[in-house]
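Read from first to last, the chains carry the letters A, B, C and D; within each, the first residue is number 1.
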Amino acid sequence: MLLFVLKRLGIWIPTVIVVILGVYALAFYGAGDPIKLIFMRAPGDVAYDPVRIEAIREQAGLNQPFIQQFGNYLWNALHGNFGNSLVNGRSVWSMIAAAAPVSFQLGLLAIVLTAVVAIPLGMVAGMKQNSKTDYVILGTALLVWAIPAYVAGPLLMVLLITILPGSAVPYGWGGIFDAKIILPLLVLSFQPIALIVRQTRAAVIEVLSEDFVRTARSKGLPETVVALRHILRPVLTPIVTQLGLIMISIINGAIFVELVFGLPGLGRLTVGALTSSDYPIVLAITVIGSFLVMASNLLVDVLYPILDPRAADAMRSR
Amino acid sequence: MSERLLEVKDLSIEIATRRGPATIVDGIDLHVDKGETLGIVGESGCGKSLTMLSLVRLLPNKIRVSNGTAAFAGRDLLQLSSRELREVRGGKIGFVFQDPMTSLNPVMKIGEQLIEPLLYHREMSKAEARKRAGELLRLVGIPGAEQRLDSYPHELSGGMRQRVMIAIGLACEPELLIADEPTTALDVTIQAQIVDLVKDLRKRLGMSVVWITHDLALIAGLADRICVLYAGTVVEDAPVEQLFAEPAHPYTRGLLASIPRMDGEDAERLNSIGGTPPEPGRRPAGCPFAPRCPMAQEICRTTVPELQPLRGETTPHRVACHVANRVLEAA
Amino acid sequence: MTAQPAIAPLAAADDATVSLWRDAWTRLSRNKLAVASLAVIAILALVAIFGPWLTPYDFLSQDLEARNLSPNWAHPFGTDELGRDVFSRVIYGTRTAFVVAIVVTGIAATLGVVLGAVAGYFGGLIDRFVMWCTDTTMSVPQLLLVVVINASLKPPLVNFMEAQYELTRNPFFRNSIIVDFVLVFGSMALILWPPYARLIRAQVLSIRNRPYVTAARALGLSTPIIISRYVIPNSIGPLIVAISAGLGNAMVLESAFSFLGVGVNPPIPSWGNMISDGLQVWRNHAHLLAAPAIVLGLATVAFSFLGDGLNDALNPKGSK
Amino acid sequence: MSTALLRIENLRKHFPVRLGAFGEKQAVVHALDDVSFEIAEGETLSLVGESGCGKSTTGFAILNLHKPTSGRVVYKGEDIAVFDEKRMRPIRRDLQIVFQDPYSTLNPRMTVGEAVGEPILFHKLATRAELPGRIERLLGDVGLNARFAQRYPHELSGGQRQRVAIARALACEPRFIVCDEAISALDVSIQAQIINLLVDLQAKYGLTYLFIAHDLAVVRHISDRVGVMYLGRFAELGTRQQVFSNPLHPYTKALMSAVPEADPVAERTRQRQILTGDVPSPLDPPSGCRFHTRCPIAMEQCRSVVPEWHDRGAGHFVACHAVAG
């Protein structure tokens, strides 16, 4: 087991480094000279003095070859230093540290909500395939799937205000126990829920045709027991492997949701940084986002044998 | 006369197709006596498995019973409430299916799967059920039975898995054990082990067994009585010795002649039955075997023959053939 | 041994023979949702092709007298804050959506099919490398990657175009739309290819081990024949399903990027930037948001249902 | 005995497999170990045994569909086991195979006519103009009328598909056909049709068969010679008469004894010898004689010494210490 995790890590770490390298190279070659960017931004502040610029450049190590700069960046990033914002000069790490808790709490809640809502719904739809219940659940899932988060957000916001006149506009962040979190959470979970409902349903339908379900029924077990003991577990295995996808979906969604609901999270930070071409921030967030997705994939790989004894057996017998 | 345990009358099963419902099983009559082993023989698609599965409503999607009754210990199985049905499934009627690999849940331990019927039918505590499960595994001849309870199905061999399936089917000491081609997926030496096991268990537990198979040779040494099915109808029903000594339906006769024998003469050719069985929804009018029957008459193509006792009212040998007497004479 | 007469030839029944494709088509045409979706897609496609002849107004023409009109007979979807006809803009947006979806899916699918087939066929190190690339690409959050690419590559690309214009004086290089499209197409294709590669690789691997391919090898047929007559025709089904779903996916992505300001830039109408604009003012002028959002939703749902329908039609479970 | 068409010498096939959910464990399947025999022109040689005994692997290795790990397959004086795909191609015309499952060995996108015609065109056995007539004749050979040429495999029954598969093999005008469980998936009444068809075709075209099956009664019916395999090795090889009337190897005896007879009276009185236990895993075959773990007469040396191939006269071979001693 430990060996297996180490082996996975051995593949995983180089992948993370390559992703950072790719993004860094894009920023390095694409965005142009960071010093010039700073000066272009506020031309009046500092006199455009080539000698001074070179001095700054040398001081910041920006005249070194690419690979050396990348090495420095990686080394610093490892120590939590992602450089400074080009706009306000604050350390990127401190800005991320301020924004990340909002996004992480929201994202975690969204994953929990997705699992709690989507798996039972998918189970019900699959067990009652082609019934009215199935059509309603599946139809709703498809509709929700079709509405982008950036449209669903404002729509729900106004709906709430119209239905409950006098209620506060759900804008801003008040922690996870604040009622304002409900709408953004819903909007953020919509697409993952739709995704998992459809996948759970498909998996249930597949498992239903398995011989062992017939065996379970032939034993005279109540249908709920058949569903919970015999169908749910084999269904969970493929669903858990979708965690990585949900992660991507949630990171994508967070950008819109935070924008629409005014949440001070990583998503809003990204969009802000983007409009002002604040590279160090965009770079750092992309790195963190990829890191998260890959970490969740790693987690899934490790979880898999726990869910499927056939895989677990293979690992034990080593 | 022995006591009836199960009496199926006029059972029909249909499948929903694009062109509407098509009949797969067409008015089957059969019965099982207490303590008897009935062999149900037929080729794939003849409806032998569906008939037995329909009794406890385990039919796949799109397939349903369209007609008939199935009296089991005085009650019609087909009219049971789902609660009563659950009591019958696993409690009064045990099942063993063809492929033990796919019929056991791969993510549950053998023990968990084995104690389920005990928990739900016998209301045992978990500890009692586990103890009983160990006894059951010993009963079906699994070495190291108690330790095996914590194994997963993939850790056992095919023969061992089928023994576990049999233990599950027997868990609540059912009055009837339905075995649906339980040895088809197994090797011949393992098949011999399983056949012996079931024979032995039947003697010790005194239950009735319905053994579904396509293998006439296999069932010869196993059954008391045999029902031969063709295209969803019973074409012949007879005590095993009589069926092999004096097959009265041309289909049974053709089937017996087409099996190569281990002890027979070195015949140059096998006697094969030409043609193929009809597809559901394309059943011919009259006798379903008529298009392939070498002795078919005009009446065979127009009128469906009824299952009738051969030569008079008293014999247990029944056949559904207009020309059965002529078949016997020709032999 | 005397040659005995062979069994009398079996006669095939007289009804017409059906190929698997035709069978799938019949199955699809029985699926009402799929047929309705196909109709919606067909209408949208026609609109996209013949858009310029259908629009009553030019999508750019501003009519400052008629700003922010609610839907009326002259302007079925109303007008926007610059007095442009929303109906015409939605129609033109359809064209944008289809062009982006088709080109992007085309590039992504081609790339994915080639890489997936190479990986599946050659196996070994090549396979590992390609699969590592797909895994890595799929681990980067899509929107972030596109945003980074667009933001970082746009300035150098614009500079390059400027430099080309200085050199050649070809007005082609002054067209900012080109830059937009290259970036949008390129970055979207880059994030969308991995699923195709995975699909095709899995197909090649599984089909390569199918008994009918072994049978073809046993007949002594050559590899090109086996690939062209056995492997490709049997992997096209899942690819069609994936492409159908991919087209809808690409439309949604494009609108998301437009919304973030990294997609197709104004003034070219795209559903995404129309929704984005609509969101600013929609409390007073709901039609500006509703029109593009509904059409986008309709297209997405249609592609989704069509994909599901195709999946059922091409992989009928339980049918022989 | 007539001349040997194929000579198989010390054929061995080991599959490396990766076990475990993540392929972290490596092992070797001993599918076939040190197998030697000859197939004479015009005969039917059957291989019997239980699943995993290597009988299908033998067929695949002979045809070089699975490259043997070591050993020689001599055809027309050449060792074709070392041939690459290109050099095999002309040989494949002569050496054909019919598989077990007719449902999956036909390309679902090709009509019967295309499937049967393809090898004819590829091997240039007829011109395009002659093709329809050739296809019709081949279909006629296997008992199907010409109209089947327009059909797709999914429109046919199992027996009809197997006829098509046979016609496709015949299209190459082969000398030798491996029938790999070719009738196992078929119903009893259809099985008899196909067996008769194979016998007729053998008489008509002078074919040689390697008939791989697990059904002993069928094997007894169709074979000239029979090889009994257990866990990748031959246990016994001889004429049908020798093997069925005078089985020497304890495994052969047990196998025969396990086969049920279609005779209720005989079955009731018959004393059967039922083997205990299961076939061991080919991943880790027993040392010495591979059958010793289940053998009722196993001796000390069976555990350690691999029994040699003894000729008991008239071409009746057996690999057993007890019989040899």
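Assume a contact is a pair of C-beta atoms (placed from the backbone, for glycine too) under 8 Å apart; a residue touches a chain by one contact, two chains touch by 3 or more.
None of these values were measured; they are calculated from a predicted model.
A.B. asks: Counting C-beta pairs in contact, does A-B beat C-D or the other way around?
C.D. replies: Of the two interfaces, A-B and C-D, more C-beta pairs touch across C-D.
A.B. asks: With centres defined by CA atoms only, which chain is the most remote from chain D?
C.D. replies: For chain D, the chain whose C-alpha mean is farthest off is A.
A.B. asks: Averaged over CA atoms, how far is the centre of chain B from the centre of chain C? Could you give it in whole Å?
C.D. replies: 52
A.B. asks: Could you give the separation in Å between the centres of chain A and chain D, each centre being the mean of its C-alpha atoms?
C.D. replies: Whole-Å distance between the two chain centres: 55.
A.B. asks: Just curious, how far off is chain D from chain C if you go by their C-alpha centres, in Å?
C.D. replies: Chain centroid spacing, chain C to chain D, equals 49 Å.
A.B. asks: For chain C, write out the residues touching at least two other chains, lowest number first.
C.D. replies: Chain C, residues with two or more chain partners: 1, 4, 7-8, 10.
A.B. asks: Could you say which residues in chain A touch two or more other chains, in rising order?
C.D. replies: Residues 209, 308, 310 of chain A each touch two or more of the other chains.
A.B. asks: Residues of chain D that touch two or more other chains: which are they?
C.D. replies: Expected reply: 160, 193, 196.
A.B. asks: Which residues of chain A touch chain B in their complex?
C.D. replies: 129, 209-212, 214-223, 225, 229-230, 233-234, 237, 307-310, 313
A.B. asks: Which of the residues in chain B end up touching chain A in this complex?
C.D. replies: 56, 58, 60-61, 82, 85-91, 94-95, 97, 99, 102-109, 113, 116-117, 120-121, 152, 154-155, 165, 168, 171
A.B. asks: In the complex, go through chain C and note every residue touching chain D.
C.D. replies: Touch list, chain C to chain D: 1, 3-4, 6-12, 17-20, 23, 210-212, 214-223, 225, 229-230, 233-234, 319-320.
A.B. asks: Please output the residues of chain C touching chain A within their complex, sorted ascending.
C.D. replies: Per the stated touch rule, the residues are 132, 135-136, 138-145, 147-149, 151-156, 252, 255-256, 259-262, 275-276, 279, 282-283, 289, 293, 296-297, 300-301, 304-305, 317-318.
A.B. asks: Using the touch definition from the top, list the residues of chain A that touch chain C in their complex.
C.D. replies: Listed in rising order, the residues are 15, 18-19, 23, 26-27, 29-32, 142-143, 145-148, 150-151, 154, 158, 209, 244, 248, 251-252, 255-256, 260, 270-271, 274-275, 277, 279, 282-283, 285-286, 289-290, 293-294, 297.
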